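Lettered A, B and C in written order, each chain numbered from 1.
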Amino acid sequence: MNGFFDIPSDLQHSWAGLIGVHLREALLPVAAGLLLALPLALLCNRFRWLYPPVLGVTTVLYAVPSLAFFVVLIDWTGQTELTVMIPLALYSLVVLVPAIADGVRSVPDETLSAATAMGFGPVRRYLQVQLPIAAPAIVAGLRVATASSISLVSVGALIGNQGALGNLMAAAQKYDRPELAANAVLTTAVLAVLCDAALVALRRALTPWMPRSGRERTAAPREELLTKGAAR
Amino acid sequence: MTSTAKSSRSRTRHHGAAAVALAAAAALLTGCSSGDTSDNPLDGDKAEAGTVVVGSNNFAESTLLADIYGEALRAKGLKVSYKHNIGSRETTYGLMKNGSVTVLPEYNGSLLAYLDEKAEQTSADAVNEAVKAKLDKQLTLLESSPAEDKDSVALNAATAKKYGLTAESTLADLKEAAPELVIGGSPEFQTRQQGLKGLEAVYGLTFKSFKALDAGGPLTQAALAQNEVQAADVFTTDPTILKEKFVVLKDPENLFGYANVTPLVRKDGLPQEGVEALNAVSAKLDTKTLLDLDAQVQLEKKDPLDVAKAWLKSAGLV
Amino acid sequence: MNVLNFVQAFFSDSAHWHGYDGIPSRFLEHVRYTLLALAVAAAIGLPVGLLTGHTGRGGNAIAVVANAARALPSFGLLVLSVLLIGFGLLPVMIPLVVLAVPPILVTTYEAVRTVDPAPVDAARGMGMPESGVLFRVEVPVALPLILSGLRSAAVQIVSTATIAAYVSLGGLGRYVIDGLYQRNYEKVVGGATLVAVLALITLALFRAVERFAVSPGVRRR
């Protein structure tokens, strides 16, 4: 029992099972973060004075290390997946709020005027005009949030087997089996790459007017986002 | 963004795409989440009625013992689920109290030292009685097994040689050397009575510094073997003691007391046949057996569940 | 049972203020890990980013490398390098450097590459050597963005260095891990506060450096 795919029984999941749990623990928080960030960004754009304090609060939350966040939450939510997912959702805000707010704000005034002239109310205009035009920026934010979320789930292993593939890393340490750590690192990396590719595909589907050909400028917009929100 | 000036028709089309994509993503996520969320915190994290939850601490032997208990219970037709690698006793005891875990492999004297730092440990039976008196009302200990796995302070061979200490030496003999030594152990060893606190109070040992490692696991074994630390808290059933020629110091004051493997259970969570099954396990489990099973897991890298099942079968318990 | 009470209790306990496990020494350890990892990551990311950004070549390769590095989980890399290498600083530096190189590399590349070509061409036309073009025209203009990449990397290192404590190293993560296993919330919350404060100090320091180092003409943009 010391092969690359011999997952110790105490993890109570097969390799594929761990992947499923990992995706759930990493992606649900990003989805929740998106749902939270959409109205927050709308408010920030409507009331400009709100933007700096919202960014400040998310930045401070982001500065709290994930493990400490998990441990403090245990008192309320127990040693569960939820304890891992709440901080990840909050972390995603630091990227998503500025991504959406700035993306939406970059919509030209004449486009907005055109929508208003067509009889769009503010909510409908936000949902049907501003958000779609901001889609590339939003997806860029989602890519950063997803990559970081997939990596951070692993730390959940330290609060009692709540880290999906991270549990495999902890098991590698506990049973002194480096091949398990290699498996977990590689699998996590592949998941991150695949999710990223899926988001790029999503962006293409959402923005059919943008040129399809040519190489995707993968890195640039994401990095700008990370640094803009003063993220870690 | 000149492209935005395109006809409104193309805009509508792409909203459709967005809506479909969102719906698909939502379906995917909820589909995923409806999988095995048995530990939904909104259920209060309580064990499901009729299911025995066997927990374990964050070291290999605890996992192995939990597997032995769980499989023995399963053989009696009980519904068993596992909650492995929870953490240290400081955490698992809380989960036993609040009902998230029904059965946990424990070490009687170590548990007593956790519940009552001042308790004298004169005999295994007295320890069990003392533990039961101190335990939360909903918890109790079952029969202890003869198998014992204590905490102990071990030196690596080089350090023992340097200070002229042997397997016949006691912790008291370490007093001179201690201020020059770094001692390693689990993070909780730093604050436990059966740890730095007791070593200082009982034997007057003050070490140069403490290095937090893991609970007698590979990190501790490697740190001691590579002289990252010169002394460490190792479990007496640790198969690397022999392999690496660590020198375990005697404990005449009985600081580390008794450490017989004993099931800690919730009174309301385990039916009579379960109690009998675990007592039958305790009757058969001795130190030599435990050493052998530990070696299979830690040295031969066998899966603890397989080792547990094989032993239960050979001992005629299933 | 308020989080702030724990913070207050942690910082008012005098035992937490001296010795090898005291706040000053753990804080310094954390700063040391951060500076070392940042220096190594900058030594890799800055020259490569400057060179590729200046020549405008290798952008795709950089994107691939950066994305691959970003996909690697820090916690897993830490466990793996400790299992393979053993004790010491090196196994902790590996995940931290892998974490910090992508933001530095990619922002530096983008920053230099997107400098307005007009002044660059003007400098060339005046007969400035290529090194002069890079360091006296492109870098000053690109500096705000380059610094933001370094800042992002530094804050990520500060936060992630916490997990070094899992494999027996020091730093502020010690309090978080020890507190977890000792069930001592005071330590967990105190450690978390210190890490967050260090992260915010890092942000503030970079703000100050930006004020000081970026030429007023560039800053106005």
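Just so it is clear, a contact is a pair of C-beta atoms (placed from the backbone, for glycine too) under 8 Å apart; a residue touches a chain by one contact, two chains touch by 3 or more.
According to UniProt, the chain labels map to these proteins: A = ABC transporter permease subunit; B = ABC transporter substrate-binding protein; C = ABC transporter permease.
Computed from a predicted structure; not experimentally measured.
Novice: Does A-B or B-C have more contacting C-beta pairs?
Specialist: If we tally the C-beta pairs in contact for A-B and B-C, the bigger total goes to A-B.
Novice: Report back the single chain whose CA centre is most distant from the CA centre of chain A.
Specialist: Looking at centroid distances, B is the chain farthest away.
Novice: Taking each chain's centre as its mean C-alpha position, how far apart are chain A and chain C in Å?
Specialist: 20
Novice: Roughly how far is chain A from chain B, going centre to centre by Cα mean, in whole Å?
Specialist: Here the centre of chain B sits 33 Å away from the centre of chain A.
Novice: Quick check: how many Å separate the C-alpha centres of chain B and chain C?
Specialist: 36
Novice: Which chain C residues sit where two or more other chains touch them?
Specialist: Correct list: 82-83, 167, 177, 180.
Novice: Would you mind listing the residues of chain A that make contact with two or more other chains?
Specialist: Chain A, residues with two or more chain partners: 157, 159, 170, 173, 176-177.
Novice: Multi-chain contacts in chain B: which residues touch at least two other chains?
Specialist: Within chain B, the residues that touch at least two other chains are 87, 91, 218-219.
Novice: Quick check: in the complex, which residue numbers of chain A touch chain C?
Specialist: 59-60, 62-69, 71-72, 75, 147, 150-151, 154-155, 157-159, 163, 165-166, 169-170, 172-173, 176-178, 181-182, 184-185, 188-190, 192-193, 196, 215, 217-220, 223-224, 226-228, 230-232
Novice: Help me check something: in the complex, which residues belonging to chain A touch chain B?
Specialist: Touching chain B from chain A are residues 1-2, 6, 8-12, 20-21, 23-24, 27-28, 31, 77-83, 106-108, 111, 118, 128-129, 132-133, 135, 157, 159-161, 167, 170-171, 173-177, 202, 205-210.
Novice: Would you tell me which residues of chain B are touching chain A in their complex?
Specialist: 1, 3-6, 8, 10-11, 13-15, 17-18, 21, 25-26, 29, 32-33, 35, 37, 39-41, 45, 56, 58-60, 63, 67, 82-87, 91, 95, 100, 214, 217-219, 297-298, 301-306
Novice: Please name which positions on chain C make contact with chain A in the complex.
Specialist: 1, 3, 60, 62-63, 66-68, 70-77, 79-80, 82-84, 102-103, 106-107, 109-110, 145, 148-149, 151-152, 155-156, 158-160, 162-163, 166-167, 173, 176-177, 179-180, 185, 188-189, 191-192, 195-196, 199-200, 203
Novice: For the complex, which residues does chain B have touching chain C?
Specialist: 87-88, 90-91, 94, 184, 186-188, 190-191, 209-213, 218-219, 222-223, 226, 228
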